[in-house]
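Chain lettering (A, B, C, D and E) follows the sequence in which the chains are written, and residue indices restart at 1 in each chain.
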Amino acid sequence: MNEASRCLAVVPFLCLAGFLANGLLGRRLGRNGGAAVGVAAAIASFLFSIPVAREVFSTGEAVKADLFSWIDVSDLQVKFAFLCDRLSVIMLLVVTGVGSLIHLYSAGYMAHDASVPRYFAYLNLFMFSMLLLVLGDNLLLMFVGWEGVGLCSYLLIGFWFEDPEKAYAGRKAFIVNRIGDFGFALGLFAIFMVFHSFDYETIRANLGDSNIREKLLHTFDLGIWFVDVKLSLVGAITLAFFLGAAGKSAQIPLYVWLPDAMAGPTPVSALIHAATMVTSGIYMICRLSHLFVMAPPTMDIIAGVGGATAVFAALMALAQNDIKKVLAYSTVSQLGLMFLALGTGGFSAGFFHVFTHAFFKALLFLGAGSVIHALSGEQDLRRMGGLKNKLPATFATMLIGTLAITGIPPFAGFFSKDEILWKAWEGCLTGQNVGHGLVLGLLGTVASAMTAFYMFRLLTMAFLGAPRGSAEAHSHAHESPWTMTLPLIVLAICSVAAGFLNVPHALHGGAHFSAWLQPVVAAWPEIATAQHVSHHSAERGLMVVSTLIAFGVSGFALWIYLKRPGLPAEVIQKSPGLGQLYALVRDKFYIDEAYDRVVVRPVKLTAFALWIFVDVLIIDMFINVAALVAEVVSEAARRLQDGVVGTYAVWFLAGAMLLLGYFLYILGAA
Amino acid sequence: MSAPILSALLVIPVAGAALVALLPRENAREAKLAALLTALLTFLVSIPLWTQFRPGNAAMQFVETRAWVPALGLTYKVGVDGISVLLVILTTLLMPICVLASWSITDRVKEYMAAFLILESAMIGSFVAQDLLLFYVFWEAMLIPMLLIIGVWGGRRRVYAALKFFLFTIVGSLPMFVAIIYLYFKSGAQTFDLETLRAALNPAGNEPLPLTVSAARWCFFAFALAFAVKVPIWPLHTWLPDAHVEAPTAGSVILAGVLLKMGTYGLLRFAIPLFPGTAAEFAPIMIVLAVIGVIYGSLMCLAQEDMKKLIAYSSVAHLGFCVLGMFVWNDKALSGSILQMVNHGISTGALFLCVGVLYERRHTRLLEDFGGIAKVMPWYAAVLIIVTLSSIGLPGTNGFIGEFLILLGTFQVKKLPAIFASTGVVLGAAYMLWMAQRVLFGRVTHEENEHLGDLRGREWATLLPLLVLIFAIGVAPNVFLNRVAPTVENYNRQIRAAIRHENERREAENRHRALMTPLEAPGPGDSRK
Amino acid sequence: MRDAFFVAFSFLAIFGGFLTVSRRDPMYSALSLILFFGAISGVMMILAAPFLALMQLMVYAGAILVLFIFVIMLLALRGEEIGGERPWPLQLLAGIGCAVLFGLIAAAMLRAPFQALPKVGPEFGSPEQVGRTMFAEFVLPFEVVSVLILAATMGAVVLAKKNLGKPEGPAVDAPKDHGGTH
Amino acid sequence: MTLGAHDLQLFSPVLILLGTAAVAVTADLYSGKIERGALPFISLGGTVAAAISLLSLWGRNEEAFGGALRIDGLAVVMGLAACAATALSVLMSASYVRSSGIDFGEYYGLMLTAAAGAVMLAQANDLMSVFLGIEIMSIAVYCLTGITRDREKSTEAAMKYFIMGAFSTGFLLFGIALLYGAVVTTGGTEGILQSPSQSSLLRLDALARVPANTPLLAAGLALFLVGAAFKVGAVPFHAWTPDAYEGAPAPVTGFMAGVVKAGVFAALLRSATVAFPHLGLEWGGALAFLAAATMVVGNVCALAQTNLKRLLAYSSIGHTGVILVGIVVASETEHAAAAVLFYVIAYVVMTAGSFGLISLLAREGGELEDISQFSGLASRRPAAAAAMTLFMASLAGIPPTAGFMGKFLIFREAIQNREFLWLAITGIAASVVSAYYYLKIVVAMYMRDPAKGEEFPKGEDRWGAVLGLGLASIATIALGICPAKVLEWCNAAIQSVR
Amino acid sequence: MLTLHNCLLLSAILFATGVFGVIARRNVLIVLMSIELMLNGVNIAFVSFARFYPGSSQAPAGHVFVLLTMAVAAAEAAVGLAIVIAWFRNRKTTDTEEMRSLRW
C-alpha cells in the first residue's frame, strides 16, 4: 500500500471527520469554528487527493486502497475499498476541488446564518458520500454514496426546515431519487445474478467471458406486460441503471425535483445540483459503458431522453424569472445534452462536458448567489438590473461563465458542447444513420441555441440595463467578501482553461481528454470510431454553424433585453396563442401538478381507501361480527336454562331416552 | 457446555419478578431499580452467548438437556444457533431499555415490572427451546403478561386492543397445539424433541414418509397460522396497530422488538424445517402474502395520523421482507431476513422510544399536534432522523444491509416478488420522511410545543445503545453475519435437500399408487378426517 | 289364585301411583300413596319377601308417609302456595315421554330369558334369613347406611332450624351417633 | 365373612373422616361459641389424617369387606384428590362461615361426611357401595347447598339440586337393579348363582362376565350412566349445575365441584375398567357425544354469563366435557385414564382456588358474584387478583399451569386415536371460547376501575382463605411445570386397577 | 300372571309414573312423592329378580338392596322435606315454577 493509496484511503474520511466534528461538537465550535472545520476538511481532502491524482496521471494506472471486507455472505463478498482510475480521478479532482471552493464560498455566504455548524456538517457529509460514490471500487459502494448524496441533498435542500415549502422540496428530492435508486437496486440485483460480484474489475473482466456475454444477450419476451416486447437481459439491466441515473441526474421523467431543489442555500445548489451530484448519473453510465454498449436500444433511449430533456428544460428556462430557477433548468438541459452524448456513444464527450460544466455552472450559481447575497435575498430577475458596476467581479466572472455555457469559442463550453453535437450529428453527417442522427442533432442544436438565449437573457436582466428593483435595495447592493469572490475567480479561470484539455483532432488538437479516457470507457459505435478521421471537414462545418448560431442567438437576446425589453410582452399581447404558450412554459407545463394529480394523490387515496375498506371494514368487521355471533348464540343458549325444575327433568328424560336407545340399539343389535 | 447460561437467562428474570412482587407497594422506586438491575444482570449473563459463540459452527450451542416428563416424551432442551443467538441477545438488550423507558410509570409499578420480567423469561424461552412442547409453553406463557401490559397500562381503547391481541394469538396457536401433538404420534418418533422430530418427519432413505400429503398440509397450516398471526402476515395483521397504539411505550418496544420476531422465528425454526416439502408447496402463497404485506403495509402508513399506528404498519411492511427472505431458501436472503429481524427490533424499537419521548411531554401521538419540533429539540430531531433513515434502509445503517440482502437473494431466485418488494423501499422513504417532516419540520404550530425540553439523560440511555447498533450493523455487518452465516448455509442446504428428496418420494409414491389403484392417490382436496 | 292377587295388587299399585301423581292437593296425593304402598307391600308378599313387605309398610307407610303428611300440615298450604298445573300440552308431552321411557325399558326387560317361577322354601326372605345375609355379607352397607342416615338427620336438623347463628338444642340424636364413630 | 381389623384398616380413611365429622359436631354441641374457632382445625386435622392413612394404603391393592371395596391406586389417588378438595374448602370456609353465621359443627360435619362418601365411592367395588357412596356424598352436599337457609337462593338451589338429584338417584338405582338382573339372569350359565356369596352378584367384576348383548345389561348400563353423568353435570343432565353452584355458598360450591367429580369419575373409571371392559367401544361411543355436547354447551353458555359463580359453573360443565373425553379415550388407551386422574386433580386445585377467591372476598352482606363487582380488584388486592388470574389461566389451559398440562394430557390421547380426533378439535375450539370468558374476569380485575365505594374486605382475619389460595396457586403452578411425579402416580394407579 | 316379565313391567310402569309425576307436577311435595314412586318401582324390580333367581341363598342380595333403598328413601325424604321447609320459609310457596331466582 504505497503513499498514494494511503492518501486515497484518507481522502473521504477527512470529510467524514469534518462531519462528525461539526455534527457532534457543533455547539462548542460555534459559527466560525464550524465554518473553519468544514472548510479545512474540504481543502484537506483536496490536498490529499493531489498525490493520488499525480500517481494516476503519471502512471495511468488505477490507485487502489482496500480497507476491510464489508459484507460477506456466501457468494456475496463486498470489500470496502477505494479505486481511483482514469475516470474517477477526474471526478475526484472536481469534487474535492470545486467542493473546497464552494466550502470557502459558503463560509462567507452563510456567515450570518443561525446554524453554521449544521450546514458544514451536511456539506462535509455530502463530500464524504460523493467521494464514496466516486471512489468506491464496486457498485455497492457506489450505491452507498449514491444514496448518501441523496440524503445530503435532502438535508441541505431542507436546510431551512422551518419553511414547510423547503422541507417539502427536500423530501420530494429524496423520494424522486429513491425511485431512481429503485432502478439502480434492480440493476445491482441483476448484475450480481450474472457476475456474482459487484467489483468493476470483475465485471469488466468477465464481460469477455463468452457464456456470460451469451447470458447477457439472451433476450426474453415481456409479452405478459406489454404487447410483445423483446428485451435482452443486458437491456433490462442497463435500463434499470438508466432509471437510476435519470433520477439522480434529473432526466425526464424524474427531473421534477431539481428545480425545487433550489430551495436550498445557493452554494449547495452550486455544489450538489450543478457541479457534482447531479452528474453522478453520467459517471455511473460511463463506469458501466461496456455494459451499456451491449444494449443498443438502451443507448437510443438514453440519447432520446437526453435530447428531449435538453430541449424541454431549456424551453422552461426561457421563461423563468427566478435567477436560480433559470440556472436549475439550464442544468437539467445541460445534463440532457450529456445524456445525449452518452446515448450516441460519446462517453468521453459527455464526461468532458461534466468536467467543464462543473466549472462554469458552479461559477454561474455562485455568481447568482453573490447577486442574491448582494440584494439580500432577492431572486427575481425582474427586480434586478444594472448591477454591472455594483458587482464588477461577479459580473465579469458570470460573463465568462455565460460565454462558456453558451459555447462561444474558446471557452470550455465550446469544446465540450461541440463534441457532443458532433456525436449527435455524426450519424447523420457520416450518412450511417441519417434519420436517427438528424433528430438527435437537431435536438442538441436547438437546446444549445436556447441555452445561448436564456443565459444572455439572465445576464442582461441581472447586470445590464437600468435597475428595476427598489432603489434602496439597489443602493445597498455591494460586492461580496473575498471568500466569495475568490472562488468565482478561480472557477472563471477554469471555465476558460478547461476546454483546452480536449481540443478535437478536427482542430488539430490532441483530444487529450478523450484519449485519457479511452481505456476506461467503451468505444461505440465501432464503425464510427473507425472512420473517425475521415469526417473532420464535416465536424469543422458543424463547429462553424453552431458557433454562428450561438453568436446570433446571444446577440438577439442582448438586443431584445437591452433595446426592446418590452418586446416579449408585446408579442404575447399580440397573439394570444403565443401568450398561452408562454404561460404554459412559464408554469413548467404543469408537470408538477400533473404528477400530483396522477401519482401522489391517487396513491394517498388508495392508501386511505384500502385502510378504511380492507382493514377497518372487511377484516375487523369480520372479527367483530364473529364475536357478536358468539355472544348472541350464547345469550340464546343460556335462555334455555329457564330455572324450572320440570324443564330440567324433561332434558334429563330426553338424555336418558337417548342413552337407553343408543345402548339398546348398539348392544341389542350385537 | 460449561455453565448453564440459557437456564440462567430463563431463571434470573423470573426470580427478579418474584423479588419485585415481594417488595411492599409503597416503594415503587425500589421496584424499578430492582427490575432494572435484574434486566441488566440478565443482559450481562447473556453476553457470553456472544463472546463464547463459535461462529464457524452451524450446530446448536450452549445446549442443555434434562428430562422433563419422560412419560410424555417431554424434554427440557434449550440451545441457540446462529438463528436465535442474535434474537436472544436482542431481547436481553431491549429489556433494560424498556425498564428505563418505563421509568415514568406510576400506577402499579410492581406488577408492571414483574409482568415485564416474566415476559422476558418467556420470550427468551421461546427462542431457545428445542422441544416443541417446551416452546409452546413459553410461547403461550407470553400471552398473559403482554395482555396485562397492554390492557392495564395502555391507552384509551386498551381493553379492546388487549382482547384483540389475546384472541388473535390464541386462536392462532391452538391449532398448532393440536398439530404438535399430532406430530408426536404420527412422526413415530414419540418425542417432542425438535431435531428428532425433524429427522423422523423427513426420513433420509427410502422409508415411507410418516405424514400423508394432506396431513402435512394441515400441520403446516396449523403452524403457519400461529406464526403468521404473530408476524403478522397480511391479512392477519389488524391486531397489531391497535395493540401498538394502546400499549405503553415499553410495551410497544417489546412487542415490535421481540414478540413479532416470534412469528418469523417460529416459521424459520419450526414450520419450514418440519414440513419442507409442504413449505415449498406453499412458498408461492407465503411469498405473495409477504409482498402484499410489504406494499400494503407501506400504503397503510400513508393513511395514518397516529405515529404509533404508522410505525405499527411499517412493522407489517418490514416483517414482510423477513418472511419474503425465508421462503426462497437462498443464503443471502435468509441471512438478510435474520439480520432484518434484529434490525427491525432495533430501528422500530428506537422509533417507538422516540414516540414515547414526545408522548411523555405532550400526551399525544397525533402527527397534527406536532411540527417544528426540530427547532425546540434539535438532538431529538437528529436521533429521530437517524432512526428513520435506518428504518427506510439507508446505506450505512443496519436497515440497508438487511433489506438489500433479502432483496438481492430473493432476486436470484424469484424476480417479480423481489421487484415488487423493492417498490416498498420507495414507499418506505415516502411515509417515514413524511412522518419525520410533519413532526420535526415547519414552524412550531402549537404553542405547547414551544418549550419542550430536549432529550434527558435517561432517554439518551435508552436510545444511545440502539443508535450505536444501527451504525455498527450498518458499517460492520460481518461481525453479525459471520455468526449467522454457517447456520444459514447449513439450514438451507438441509431444507433444499429435504424438499428435493420429499418431492421425489411423493412422486414415487404417487406413481406406485397410480399403478396399484388409481383411485387412492391423495388429491389436493384431501380433508382432515 | 296367587296370580289373581298379583294382578289385583299390581293394578292397585298402578292406580295408587296414578292417583298420587294426578291429585292437585298434596294431601290427597299423600293419602293415595297409602294405597300405593299397601299394594306394593302386597306385591312383595306375593313375591315371597315377607320381611320386605313388612318393612315396606313400616318404613314407607309408617315413617315416610307420616313425615310427608306432617310436613303438609305444618306448611298448611293455601291455594296459591300449592301452585297451579302445567299446561296440558306439556303434560301430554311428559306422558308420551314417560311412555317412550317405559317402552325402552320394557323392551330391554321383555328380552330377558323366560324363567319359570322357582320353588323356594318357606323361610325364603324371612327376617332371619335376610338378617343373616345382611350381617354375613353386607355388613359394610348396613353400617354405611347408618352413616347416611346420620348425615341426613344432621342436614335435616340444620336445614329445618329456624334461623342461623348459634344452633340451639341437640343437633343429633344419640342412637344414630355411634353409626358415624365406629 | 365378618368385618375384621384388616377391613377396618383399609377402610380407615373413611372412618377417620366420619369420626372427625362426629367430633366436629359434638365438639360444637358441648361447647360455646368460643371454641368454634377450633372447628376448622379439627376438620383440617381429620382430613389430613385421612389423607395420610390413604397414603399409607398406597401400593397395596387389596379388597375389603369381601370385595365390596377395593383399595388400590385409583382409590388412593382420587381419595387424595377428594381430601385435597376438602382441605382447601375447609380453609376457604374458615372465615366465610363465620361471616355468614353458619360456623357450626354441622357445616364441617356434613362436609367431612360428603368427603367420606367420595372417598368410599372411589373405593367402591360393588354396585351397592357405589350407590351408597354416591348417596352419602349427595345427601350431605344437598344439605350443604342449602345450609345458608335464610338466603332464598341457597335454599332454592338446594331444592332444585335435591329434586334433580333424587330423580337421578331413581334412574341410577333402576340401572343398578337392571344390572343386578342382568347378572342373575345370565349368571346361571356362568354358575355364579351357585356360589354361596350373594354379595359377589353385585360386584363390578361380575358384570364383566355378562355377555355384551344382554338387553338388561344395555338398559342397566344406560341408566347407570345417566345417574353418573348427572352427578358430574354432563349435558343434558347438567341443568342443575349452574343453579346449584350459584346458589350454594362459595366454599361449598368449590367443595362440591371438586369432591363430587373426584368420587364419581373414580367410580366411572373403575366400572369402565372392571365392569364393562368388554363394552369399551359402545361405552366410548355413547360418552363421546355426551362429551362433545358438554364441552360445547358448557363453554358457549358460559360466554354470556355475568355472574362469576354461574360462569364458573358452566365452565365446570365444560371441564366435565374434557374429562369425559379422557374417559372416552380411556376405553382405547390406558394412558388416557391416567390423564383423567391428572385432570381431576388439576381441576380440584384450580376450582377450589377460584371459588376460594370468592369466599375470601365475601363479607357480611354476601358474596361478590357479578363480574363487574370484581372491577379494580387488582389495584386493591393485587395478590388475590394475581392468584385469580393464575386460576383463570389454568382453567383456560394456558401454560405453565395445571390446567394446560391436563388439557395437554387428555387431548394428547384423543389425538392419538384417529376416531377421536374430532373430539380433540371440538375441545380445542371450545377452549378458544373459554379463553374469552375467563379473560373477561382478568379484564375486569385489572383493566376496569373499581366501582364507587367498592371495598374489598381485608385479608387479615382470613388466614384460612389466604393460606388456601396460596396452596392452590402453588399447586397450580407446580402441576403445570413439573407434573412428572403426579403423572407417575396416576399411571401407577391405573395400572393397579387392571 | 306371575312371571318375571310381568313383574318387571309393573316396576317399569311404576317407575315411569313416578317420572311423569316429577315432570308434570309443579307442587314440590307431589314431586317428592313421585320420586318415592320411582324408588318403589325399583324395589319391585329387585324383589322380582331376587324371587325368580334366588340362587342358593334364602335371602338374595336383592332383598338386602331393597332394605337399603328404603333407608335411603327415608333419608332422602327427611332431607328433602327439610329443604322444602327451608325454602318455604323464604318463598312461602311449594310451587316449583316459583323457583326462578336462579336461572339463565
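Operating definition for what follows: contacts are C-beta pairs under 8 Å (C-beta built on N, C-alpha and C of every residue); 3 or more make two chains touch, one makes a residue touch a chain.
Here the structure is a predicted model, which is why all the values come from computation and not from measurement.
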* Asked: Chains in contact with subunit C and with subunit D: which ones?
  -> A, E
* Asked: How many links in the shortest chain of touching chains run from subunit B to subunit C?
  -> 2
* Check every other chain and keep only those touching both subunit B and subunit E; list them. => A, D
* Please identify which chain has its centre, taken as the mean of its CA atoms, farthest from the centre of subunit D. => A
* Asked: If you tally contacting C-beta pairs, which pair wins, D-E or A-D?
  -> D-E
* Structure fact -> If chain centres are mean C-alpha positions, then the most distant from subunit B is chain C
* Taking each chain's centre as its mean C-alpha position, how far apart are subunit B and subunit D in Å? -> 43
* **Distance between the centres, which are taken as Cα means, of subunit B and subunit A, whole angstrom** => 38
* To do: Averaged over CA atoms, how far is the centre of subunit A from the centre of subunit C? Could you give it in whole Å?
  => 104
* So, what's the distance in Å between the C-alpha centres of subunit E and subunit A? -> 99
* Could you list the positions in subunit D whose residues touch two or more of the other chains? => 128, 132, 135, 139, 142-143, 146, 149-150, 155, 158-160, 163, 167, 174, 178, 181, 185, 198-199, 215, 218-219, 242-243, 436
* Asked: Where in subunit A do residues touch two or more other chains at once?
  -> 638, 641, 643, 645-646, 649-650, 653-654, 656, 660, 664, 668
* Structure fact -> Residues of subunit B that touch two or more other chains sit at none
* Chains touching one another, given as label pairs in label order -> A-B, A-C, A-D, A-E, B-D, C-D, C-E, D-E
* Structure fact -> Touching subunit B in the complex, subunit D uses residues 378-379, 382, 386, 389, 393, 398-400, 404, 408-409, 411-412, 415-416, 421-422, 424-425, 428, 431-432, 435-436, 439, 442-443, 446-448, 482-484, 487-488, 491
* To do: Using the touch definition up top, name the residues of subunit C that touch subunit A in the complex.
  => 86, 90, 93-94, 97-98, 100-101, 104-105, 107-108, 111
* To do: Using the touch rule from the top, collect the residues of subunit B that touch subunit A in their complex.
  => 164, 235, 238, 241, 296, 299-304, 331-332, 335-336, 372, 374-375, 382, 389, 394-396, 400-401, 404-405, 407-408, 411-412, 418-419, 422-423, 425-426, 429-430, 433-434, 437, 440-443, 475-478, 481-482, 485, 488-489
* Footprint of subunit E on subunit C - complex, ascending -> 2-3, 6-7, 10, 13-14, 17-18, 20-21, 23-24, 26, 29-30, 33, 36-37, 40, 43-44, 46-49, 51-52, 55-56, 59-60, 63-64, 67-68, 71-72, 74-75, 77, 80-86, 90-91, 94-95, 97-99, 101-102, 105-106, 109-110, 112, 114-115, 117-118, 120-121, 123-126, 129-130, 132-134, 137-138, 141, 145, 148-149, 151-153, 155-157, 159-160
* For subunit E, which residues count as touching subunit D in their complex? -> 8, 11, 15, 18-19, 22, 28, 31-32, 35, 38-39, 41-42, 45-46, 49-50, 53, 55-57, 59-62, 64-65, 68-69, 72, 75-76, 79-80, 82-84, 86-87, 89-91, 96, 99, 101-103
